[in-house]
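Handing you a structure now.
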Amino acid sequence: MIDQLVIPLVKILIVLNATLVGVTYMVLLERKVIAWTQSRLGPMRVGPYGALQPIADALKLMIKEDITPVRADKWVFTAAPIVAMVPALIVYAVIPFGDTVNLFGREIPLYITDINVGLLYIVSVASVGVYGIILGGYASNSKYPLLASLRASAQLISYEVAITLTLVSVILVAGSLSMVSIVRAQESAHVWFAFLQPIAFVIFFIGGLAETNRSPFDMPEAEQELTGGFHTEYSGMRFALFFLAEYANMIVVASVATTLFLGGWLRPFPNVAWLSFLDVIPSWTWFLVKSFGFLYIFIWVRATLPRYRYDQLMRLGWKVLIPLAIANLVITGIVKVLLL
Amino acid sequence: MPDDPKAPEAHAPKAAVPAGPPDPAPPADLAPPAFLASLSEAIADGIAQTSYFVGDWTVVVPVARLLDVARHLCDAPDAAFDLCSDVTASDWPTRPQRFDVIYCLYSTRHRHRLRVKIRAAEHEGVPSVSGIWPGANWLEREVYDMFGVNVTGHPDRRRLLMPDDWQGHPQRKDYPLEGPGELLMENPIDWLKLRQARDEADIE
Amino acid sequence: MGQAIAFYTLSAFILGFAVLVVSTKDTVHSVLFLVLDFLFVAALYVLLGAPFLAAIQVLVYAGGIVVLYLFVVMLVNLKRSPEAHHDPHRRARLGFVLAALVLIEVGAIAAYSAGGPVRPAAPQAPPTAAATAVSAMRAVGNTEEVGWLLYTNYLIPFEVASMLLLVAMIGAIVLAKREL
Amino acid sequence: MITPTHYMLLSAALFIIGVIGVMVRRNIIIIFMSIELILNAVNINLVAFSREWQHAVGQVFAIFVVAVAAAEAAVGLGIILAFYRNKETVNIDEMNLMKW
Amino acid sequence: METPTVHHGAMFDTNELVLNMGPQHPSTHGVLRVVLRLDGEKVVDADVVIGYLHRGIEKLSENRNWTQIILLTDRMDYVAAATSNVGYCETVEKLMSLEVPRRARYVRTILCELQRIASHCLWVGTHAMDIGAMTVFLYAFRERELILDLFEEFCGARLTYNSMRIGGLPLDIPPGWDKKVLEFCKIMDSKIDEYETLLTHNRIWLERTRGIGVISGPEAAGLGLCGPVLRGSGVPRDVRKDEPYAAYDEMTFDVPLGTSGDTYDRYLVRMEEFRQSLRIIRQAAEGIPDGPIVGKVPRLIKPPAGETYHAIESPKGELGFFIVSDGKSTNPYRFRVRSPSFCNLQGLRRLVRGHLVADVVALIGSIDIVLGEVDR
């Protein structure tokens, strides 16, 4: 009973809450990092160094008036943020945050589940997330959101192809679709896959930026062009859901990148024996450190780069990233066959 | 909706209004620039008057010859006025030809300036020079909008700064300093109702 | 027991959403119900022990094909509803009659097989060499199993399918592009 | 106990709903979606038997069906777009000419 | 489901879409409205609608006396108010044939160039922001703040300065102010490099600006474009050089020119203008002569009857004033402003045709308009 029901439920509870808290603090982190980049201080008023700012933001968004435009499609308008948020959250079910730990005499693995088709699950669930954006733009019954949502969906679908192709080459190296097995494969290969698959890693990083609508690919919400993007007409909690979904997706991309390319919960140089004193640090710490390093780069990029134009972005996706990913896949396959 | 005939009559111009700018003739010891000589050579009746004031040369041109003069000034190699830096007007309501329309020209090649001026009556058609200098397009629209100068042959003659349904031309000297909107303020509730009805019509 | 509950719940959702797909007036809502329907079908595949196919169902159907439908619905600007058009030659009732016929047929099959489940005495493995390899692979997992079959026994159909997709892609581009 | 018969009945019911959609609706997009429902009904059957026979070949065929569905959707929607551009309609009853 | 179906796709046709950009849009730099006719995302035609900030400054000025108008000129180009002050005062001085003391002319030059840097700071920030590079915006505002501090010290205001009088200056410069200006020049030098590091060789920046809104020199001149937009197309036109005013005839500086006339060239021209402005400020601040700050101005300013046009180079281009005096009253008979933003904005329609919506935003940024000056 405990193993079947209680422990998974507790794990789900912890992961869900940690994600939501992580997402809100991700917003603070972004504001702070960008502020430092721009020689500002960022939020400073709420709590010490603005540490309670996310709570204030959440409160503000909750008590704000929730406006539905008169001619909006009410049901779809309400459903869209939920559709955007849910896939972003359920992806965490298969992400391994750490190795097994010993708690109260039980071996507890630090992931909710390890399914056979974990990676495929992530890809397919993420592909459903695009509905939130399309429907949000469509249901608002307004031109700018509609344009933005069409842009967004075309962008997401295009970059999904490139990302999936890089994942296939990782699967080829790891020999499994299970997230835990992929980490174990990196342990036994004594090397992070970022070094075995550098091209795939770079493509995944760029594709990840595009998939999460981050600068320089933030066309769908390009404020200067499309006022607010697909969520222009949203306010209050529904807007907050879109907002949180975006950051949750960022954390998903960072987690997946960490698991697939940066050795997941493994310490650096898992094969170097004299570094074994690093094992004292719990495995999930490594995971968090790597993920947040990745997220930091996301934010850094946003503060630095201008935005691509829509057609340039499509060109980059279809004419550069996808051919590169295919070439990488073919080469990986050939090398794998030759080595075996 | 060019001119509301009632509005100007209601506020007749004061007697003190002068009859026009002095446009002093150039001093005898100052030779006009060469392009003016060649202009009067090319178009015999092109220049009605030449004047010089604080360093600026101005030629007054008959309305009928405006396009010819403009074309010559733009194309002639010694003039080469390729930049029409301003088109504006001034209103002298006591004069029969009440409007001065002024074209400020500049040549990026020779770096000299010239003002071309025409005098036009209230409804007299002033040919548009936007075919010669495309940049005159908006400037002429503004002149039309503000003075009601009847610019003819303009590709896109709409009001520019004022709303499309505005009555009258604000820069005229006889334009009432309280606009139609202010007059309606005497009965604000009716005015608000009217405005709301209009806004709703706009939204629909 | 748990399986039965899962099956009946999923079936109810699948059929309910299917009915909504064909009965809803607003095309966009219809497309949305189609997505939900597909998601529940994917859940049914998980129940049937085919997680790989479930993932494919979500990825290709929900994440790909239906997005395409949504795009077309949004691009096609309907000034009047197609249902508003009445064609005197159309016999919509014929559809119901045909459907009823199919229903009767299915009912007949169900009644015929009601005596016992349509279940062979024992699973009869096809007598090919590859199939034996498959049974050897069975322990490894569903994905490997499907992959093995796809790339051995069904390699040619697989290649034909990829050709079909290529042709469809070219065809779609030619059709949708205004001028080439 | 859930037997293949149950799955067959479910599949048949879904199939019939799809058929009714095809026959009754006039919006060609909805008709296409009904066809997708029919294909899914087929897939449920295939997968159910795949489990019953303990053989993955059913799933392999289901994958082929998915591929065919993708191809059909791409070409079909392309035709709809091309048709719509010329006739401004997506009504199946108005698509009765060989040319337009 | 008995209610009639509302087709939400109704506004999205496969053919043309009319998109109304503004007057409340984050990147129209105020209350500009552009009605775009789109084919997909490509702009087929654009109609620029202005007048939302029309306050009738020209009409108002006909009922103000000559000194009061200086205050109104502040409200035109509110990011470079001192330049408008100088332009107006010089025009009246020309009309009255007044001699301005050399010291005043030097200070005017410094103020004009500081204003140019401040205006270009705002421009580079918002332009980069429009294209998505948000950091440059805050960097540029950091330096603009220093300039505003200098202005505050000079005339007590930070935005609308009222910093000029007909015939000279209202006040002498505070002691040590010229040193501070020189110090600022030293800081600014490295900051310009900072902006350029972020943008000039950035690949995305190049892709977004190169070949966007190309216009040839003769066409630009014909459209009445002026200032950096015209110079970006390679036309050597700078009022400071061609018709020197203030103390520009005593300064040495170069006029940067573009070659291809695209958005990137306009960007480069303005970046180089930063440096040239600093060069002028250094020369002027080091050589401020002693002497009076106001010329021989009559107590009652009443120019003789006549009309004149005088132009100066504002940060946006040729800022011209056409003033008619009737010689009798204490206010102008006709006051006309030829504002560079107005004339440059006219070219927007020509520039955006055939580009994408995202480029419209980049192009509005690249012509650098201030709506207060467009609508007056």
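Observations on the model:
The chains carry the letters A, B, C, D and E, assigned in the order they are written, with residues numbered from 1 in each.
In the analysis below, a contact is a pair of C-beta atoms (placed from the backbone, for glycine too) under 8 Å apart; a residue touches a chain by one contact, two chains touch by 3 or more.
Computed from a prediction, not measured in an experiment: that's the story for all the values here.
Shared contacts of chain A and chain B, meaning chains that touch the two of them, come down to E. Comparing mean CA positions across the assembly, the chain most remote from chain C is B.
Greatest Cα centroid separation from chain D: this falls to B. With centres defined as mean CA coordinates, chain D is found 34 Å away from chain A. Chain A and chain E have Cα centroids lying 44 Å from one another.
Chain D and chain E have Cα centroids lying 62 Å from one another.
Chain A and chain C have centres, each the mean of its CA atoms, that are 30 Å apart. For chain A, the set of residues touching two or more other chains reads 73, 138, 146.
Of all residues in chain D, those that touch two or more other chains are 81, 84-85. Annotation for chain C: residues touching 2 or more other chains are 26, 28, 52, 56, 64, 71, 73-76, 78-79, 81, 142. Across the complex, chain A meets chain C through its residues 73, 75-76, 79, 115-117, 120-121, 123-125, 127-128, 130-131, 134-135, 138, 146, 150, 153, 157, 160, 177.
Those residues of chain D lying in contact with chain C across their complex are 1-10, 12-30, 32-34, 36-37, 40, 43-44, 47-48, 50-57, 59-60, 62-64, 66-75, 77-82, 84-85, 88-94.
Those residues of chain E lying in contact with chain A across their complex are 6, 8-9, 11-12, 17, 19-20, 25-27, 41, 128-135, 138-139, 142, 198-199, 202, 204-205, 207-208, 356-361. If you check the complex, the residues on chain A that touch chain E are 34, 37-40, 71, 73, 138-139, 141, 143-144, 146-147, 215-216, 218-219, 222-227, 302-312. Residues of chain C that touch chain A in their complex: 26, 28-29, 32, 35, 39, 51-52, 55-56, 58-59, 62-64, 67, 70-71, 74, 141-143.
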